[in-house]
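What follows is a set of structures to go through.
One chain, chain A, links the two complexes that follow: it is found with chain B in the first and with chain C in the second.
Moving on, here comes the complex of A and B:
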């Protein structure tokens, strides 16, 4: 009987038991301290708006206790949610990089944007262009549109600074946009798409509502394909 | 032999044609993407032709590669063209959207230049930021301790270096600097004290009666300057250069001593603690109707950085 039960230990369970072993070796105090350090690390690193990598977490916070990563991250998740009202999620399944989101949506008094309100406005405009244009827009087209609202990338903008750099580097690093080469075009062209962070932080419905507001009296459902996309996004959440 | 050479010529021609078609797809993308044109179809048919005529019977790879590339390009173009196909009731036009934004933000169109009011982006940001689910910014409630460290490190390093070098030179250097610092402070204090004494003497001579204490020390524009004035006055009292007393209305008055009086009499040791809070200070300004200070406002000197650091 004992042999059978031993055989039933699957690979998963072995990893779990390895982690539990690590935890068993530590006292409750030590575990608590590590979780606190982890929470603090996540909070501070999220200020830069860059995704936090698992490898960095292991190096900086956990050290030789990296085996217990999953446990610690679960506890940190819980702590962040209960105490700070923030959600820790992976950018993409198995991508091993994390970002922090706020659990509150549409709260009238919580103003969430860390880089300042002007950044918010620029990002919203760019992301709406991309979404409404079919989730992708060529760089030249985007620059042309920005010029039409007084933002010329050739010049240093008084509010936004070096917009081209922002688009191609900063926003890409932070995960708000993706900047890639168009396949098969000559001369070389590039295009912008929504980045992973944008997909988590914004909802297409909100962007559509924003666009409708700018147009004035438009009903968002008039843009049929975008409307469908926006609703499709929400549907899986409604269960 | 003959057949082989004609075959060769044929394949070479086929290859040339393929290459020119590929070149065409790459250079004239816009024509292919134009929903009006049927260039996509025609090229596809041409390549089909070539296949029928030129490539039958050959076993070489290079034509196949070229044909593969051509078909690849055509399929990508087809996909991109399909993406552009709009079946919406309202078609999105980016330029129109841009114009609408300018109108929404209330921008001025002067010819080609567009200008906005300076705070237009902040206002838009306020409107838009609830849409983002980003984590809110954090800042330490009581400030951070980080700034303190660099100062400490420098001092420690200097001391260490001093120890490494000649031991005698190190300490004297530090002491000299410290003495200078102390001296500087002493000088400023006594300078200010003498200044205040002179002002007091001048005012006393002008009015010929003891001055109201509050009218003398209070600086209506600055609470901190008032405190400093009180502080310097206390030195004058300690040295027996002024007299602070209560007048008939039980209000404190101040007047300079007669010259040499301090040397004749033995000074009585009288101690008095005096406190004033900001609300009291404001009340003084109101009650005594103090509009300008008798003692001129001093600019904040270099000895104040410790106070201005965040706690």
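Moving on, here comes the complex of A and C:
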């Protein structure tokens, strides 16, 4: 047992020393220049809202200094948070893909709001369906819901275009929805949930307001369960 | 260094949008103050006390070669705030969202507009550039529409394309360096001028808004170039 911990420890030490070797060779100025470049790169790339790959970061920004990746990314992460109010998150542990999220929920100038009205409404409709259905919806259920409001995913939609592609590719990659196989379901079934970005950047209260407006319902608190959820989520948050 | 939540919120709107007119900025500032319970200074001119607020953002983003600066619309004199890159590779910001071919096409369009003398090119001329960048015309057209939407380009009343305020604020140094023969600077404010008023005798050019200020009290305006002194015709024609 003791040997094992020692072994693990020394391995860790080795990676650290490799990294610090890279860093030791650089002056403070060089390091801060790399961090500035990295922050700029992440900001620019995040405009498309797509995940940013570690390999692209290495290729475009770090080059022969990629060994110090972990160190540089930590520093960039700190700057992004302190100065820009953005959170840099690795999509999944060791996925080597990063996404930049705003620390502000319902920022009126961000997200679907700024992507143009049509894009925004389709996304809001889809997120609403998921939320109102209890935070998860099977693919067939969602397609039924969409069909009922005149969006048939099998056909190219006049306003929204290729909805299936947007739903399964664009929104998934941008982190607005998660699309996954239902575990153990036979025959194979898929379901949609809110993605990381939607959970972080959109409040359930906002979505409930949107739904209430569509239904012509004055008071969103009439949806008791959703209302409670939305408020529970809102309570510990800032602003 | 760190910024307060209100500053970050304000800054993010700029990162997403690039440019806001002075009126929009004040609205954004008001919203920001409300959201974060900040004191909102309403001065005599009914203007919020934006200066110091923007200043502290600028201090913090300067190391990242970013800056919020004021820019004036060449056509109507409306002032805006633009978030610009101060790094010398000023097309970097564009490069993330557009492909290499599109960027090439944009550079050619800028060159054509700067060299046109009038500061604009017809949509047909603009579309004809597409073939030199391995692009089809419909592709080029939707690219231009996108550029208009993101406020890099604008369509002027006669259907010509011209550079929008955001583009001039972002790329002024690039244009001056790249096209030293064609790019002109305003005789008044010494900044790049694309669509301005030019003297018919000499090469002097000034912004419309600069001209308005300069010739405000002149009965017979003359070219500000002392060596020229020719009559300034633009003012009379109004």
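Keep this in mind: the second predicted complex is superposed on the first by the 134 of 239 C-alpha atoms of A that agree within 3 Å, B and C clash if a C-alpha of one lies under 4 Å from a C-alpha of the other, contacts with A are read in each partner's own complex, and residues count from 1 in each chain.
In this section, a residue touches a chain if its C-beta (ideal position, glycine included) is under 8 Å from a C-beta of that chain, and two chains touch if they have at least 3 such contacts.
These numbers come from a predicted model, not from an experiment.
Of the two partner chains placed by the overlay, only chain C lies in contact with A:45; chain B stays clear of it.
In the superposed pair of complexes, A:132 makes contact with chain B only, with no contact to chain C.
Residue contacts after overlaying the shared chain place A:83 against chain C, while chain B stays out of touching range. In the superposed model, A:224 lies in contact with chain B only, and not with chain C. Of the two partner chains placed by the overlay, chain B and chain C both lie in contact with A:102. Between chain B and chain C, the partner in contact with more residues of chain A is B.
Looking at the shared chain after the overlay, A:55 reaches neither chain B nor chain C. In the superposition on chain A, A:141 makes contact with chain B only, not with chain C.
By the touch criterion defined above, A:180 reaches neither chain B nor chain C.
43-44, 47, 86, 102, 107-108, 110, 114, 116 are the residues of chain A that lie in the contact sets of both chain B and chain C, per the superposition on chain A.
Against chain A, in their complex, chain B makes its touches with residues 26-27, 29, 72-73, 76-77, 83-84, 87-90, 92, 94-95, 97-102, 104-105, 107, 113-116, 121-122, 124-138.
Looking at the complex, you find that chain C touches chain A at residues 1-3, 5, 8-9, 11-13, 15-17, 28, 31, 35-36, 60-61, 63-66, 87, 92-93, 95-97, 149.
Within the complex formed with chain B, the chain A residues making contact are 43-44, 46-47, 49, 86, 99-102, 105-108, 110-114, 116-125, 128-129, 132-134, 136-137, 141-142, 144-146, 148-150, 159-160, 183-186, 200-203, 206-207, 210-211, 213-216, 218, 222-226. Per the touch definition, chain A reaches chain C in the complex via residues 32, 36, 39-40, 43-45, 47-48, 79, 82-86, 102-104, 107-110, 114, 116, 238-239.
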